[in-house]
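Could you have a look at this structure, given as structure tokens, before my questions?
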Amino acid sequence: MSILQVERLSIAFGGVRAIDDVTLSVPRACVFSIIGPNGAGKTTLFNLISGVYRPAAGRVLLDGVDVSGFAPDRLARRGLSRTFQNLQIFFRLSALENVMVGRNRHETTNVIQDLLHLPAVRRQNRATREAALAALARVGLEADADKPAGSLPYGAMKRLEIARALASEPQVLLLDEPAAGCNPVETGELDEIIRAIVREGVTIVLVEHDMRLVMNISDRIHVLANGRTLTEGSAAEVRSNPAVVEAYLGTHNARGRAVA
Amino acid sequence: MARLIDSRYTPLVAVVFVALALPLIFPSPFYYRIGALVFIFALAVIGLNLLMGFAGQVSLGHAGFLGIGAYAVAIGPTHLGLPSWFCIFAGAGASALVAYVVGQPILRLKGHYLAVATLGFGLMIAIVLTNEAGWTGGPDGMSVPRLVLFGWPVHGSKAWYWVAAGTLAVGVALALNLIDSPSGRALQAIHDSEVAALVLGVRVARKKLGVFVISAVYASVAGSYLALLNGHITPDLAGFMRSIELVAMVVLGGMGSIFGSLVGAGVLVVLPQALTGFHDYEHMALGLIVMGFMILLRRGIVPTLGAALAGRAP
Amino acid sequence: MAEFLQFLFSGLTVGAVYALVALGFTLIYNASGIINFAQGEFVMLGGMTTVFLALAGVPLPLAAVLAVVAAVAIGLLLHRFAIEPARGADTVTLIMITIGASIFLRGAAQVVFDKRFHSLPHLFGTDPLRIGGAAILPQSLVVLAGATVIVVLLWVFIDRTLFGKAVIATAANRLAARLVGINTGHMIGFSFAISAAIGALAGILVTPITLTSYDVGTLLALKGFAAAMLGGMGYALGAVVGGLLLGLLEAFSAGYLSSKYKDVVAFLVILAVFFVMPQGLLGRAKVERV
């Protein structure tokens, strides 16, 4: 059975139907990509799936359970996490502390224990720290652990968000344009990082404009345009679909031309 | 970096050191009173800083909790015959309860809405304290019986200086503990990005409520001490100006800096004392200080100094 | 019925003042995104300056004009020396700056004027008019008429002049307004001036009924702000509706429930509105972008 299902999901802002009757089904432990021109509704779809927005209609099922309308933290505790297209870094904290926040749902001390700094808290802090360092290492940022998160280069912040989400040990991880602002080398590293995550059984839902990355890595690709599903298929199928080429060229999206 | 000054437990060491050293340079016993006032306000300000500086939630009504703590040690012994020490705890408990109940709806608001809601909450407490004259003495206030601890009556500035210093040290230690804990990291995360904290599974509403309750308890204890130190209280203690004074102390010293809270409380308690001859100008001065700092030294004294020191270090 | 009418009129009278304060908030908020907590001080300055100029022998109409001019000047100074230098600061910083300004103005008023309550003569005397058994002060009608005139003038100005169009453009999208050549800094300064004038006028109109003193500004600011949020932050019509509603709410809870706790009742109702419709009564619901 698929790990994540979206059924006839819709939301509108004012008159704009940002997501309009979208249905899709994501198999377990694969890379499922969502592409489409700017404004197609990709980020909005992520916001709906992760509980940041409430759908006007339709359902979201996570591991077979209807989670429509669940708050994001509740979804996160059920194993769904994400990164953001517009970075949401904790600027006040170091890179390591950012990732430590990702461990929050696994931390068991209560606020009274925290105030008193009981031995349980000390143990907890150590365990959290180790897990966070491991997560940082998975994205190649272990050397930057103690730097203020805000001082990292853009591409590193994108990866920091991935590490942070990984630290929460999700079953499903939504990545919103992780390669934006990355040079070709970094994009290559990202490819490796994503593959490693999937090998561990995590399902990746990827929104990305870098078509080389998408075509290389995706098991399935879902194409959105104007909030609606255009088509879905394997990389080869999507690449050869004239409607997809037209949707991209119609918006004069330079990166999109790589599709053709 | 700010860490140079504000590294873990340095503020605690500073409090202990300052508390022990100050009496050596006090020219007269009057100064014990000012010292006690600084410590008591610092306690409330640290609590508020946990809420504002770390969790990023404004409260323009925190003096309401000062008021609850203060009236607890006035009403409890006078009307109910309860011992004062017990009433300090009872007041803290009442403040925690009020914060817990009021915080659930109010903390769902953000930005300006939160500011107005908390401001309104503070005013409501002040209105209740003014109107329920049978219990509170109304606008003229009421006198506060002395605290007796283990048969030892705590009175005089000197005694309160040491009680306040000890309590402040505990307050500082607890705050520092909290910051370096799962809860503390979660709060700072909420400050920067609530949505990112949420998608990582942080129970944002619960964390905010928790720190609101904690900050209420800090303020309540400070309120009880103020009442006991002064021997008389009026609803002004819970009023808007007091709330603003607390916030001003937080931002003056530096949001998110425990050490800054001590400095902020020190400056704003000592300054009016230095200006006693100009009592009429007190509000003008406070207004100017708040505006000036917000415009010129937005980050507050301690973080700015910390950055300057770090900049000079190799 | 007479009682009901009585409450209705007193509610509308204070409500009109809240509406004007709320309107002042809205103007500044739309131009700059700033909530000006010193808005209530303009009301205080209008009333107090008029009172003291009149006491000094200045004829009342001239005193009133001078008071408005003084308030506008202070509004402009506030903008120039406190708001402008803090451009780009975060919400808490801006809140604290305007609160600092409010405390400063209050402290200054206490020094320049005094700490007592003052009144102004009623424009048409104090003989109440009898309407349906209720006794209505003529000055109440003056306040209502004055508020109506101010609202209409403001509306005409914004709707019919090029300058007004620039105000609307700035409110809709500050960046876009700058790109088409509107000096948004001037717009913000201008909004402070107009808000100060409106506040001062409200203070002059209502002082004969409610009295004034150096410290009336805080509560007025809170209520004007609450009214603006009740109606829907950023909507001029919302400010007027919110102000009148708040006034009525207070008058009726004072009349039928408890005069001591009228503010508490009003506040609780407003909180309830925030939770049920965070966008206010007339505002449009928005989803925060991520």
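A, B and C label the chains in the order they appear, each numbered from 1.
We adopt the following convention: a contact is a pair of C-beta atoms (placed from the backbone, for glycine too) under 8 Å apart; a residue touches a chain by one contact, two chains touch by 3 or more.
These numbers come from a predicted model, not from an experiment.
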**Asked** Touch graph across the chains, line, ring, star, complete or other?
**Response** complete
**Request:** Starting from the Cα centroid of chain A, hunt down the chain whose centroid lies farthest away.
**Result:** C
**Item:** Whole-Å gap separating chain A and chain B, where each centre is the average of the chain's CA atoms
**Value:** 41
**Message:** Could you work out how far the Cα centre of chain A sits from that of chain C, in whole Å?
**Reply:** 47
**Request:** Mind checking the centre-to-centre distance between chain B and chain C? Centres are C-alpha means, answer in whole Å.
**Result:** 32
**Complete:** Among all residues of chain C, those touching at least two other chains are 290
**Message:** Which positions in chain A are in touch with at least two other chains?
**Reply:** 52, 84, 88
**Fill in**
Flagged in chain B as touching 2+ other chains are 195
**Message:** Residue numbers of chain A touching chain C in their complex, please.
**Reply:** 13, 43, 47, 52-53, 84, 86, 88
**Prompt:** Taking the complex as given, what residues does chain A use to touch chain B?
**Reply:** 50-52, 71-73, 75-77, 81-82, 84, 88-93, 97-98, 100-105, 107, 109, 111, 113-117, 121, 124-125, 128, 161, 164-165, 167-168
**Item:** chain A-facing residues of chain C, complex
**Value:** 287, 290
**Complete:** Residue set of chain C touching chain B in the complex reads 35, 82, 85-86, 89, 91-93, 95-97, 99-108, 110-111, 218-219, 222, 225-226, 229, 233, 260-261, 263-264, 267, 270-271, 274-275, 278, 290
**Message:** Please output the residues of chain B touching chain A within their complex, sorted ascending.
**Reply:** 174, 177-178, 180-186, 188-189, 191-193, 195-204, 210, 214, 256
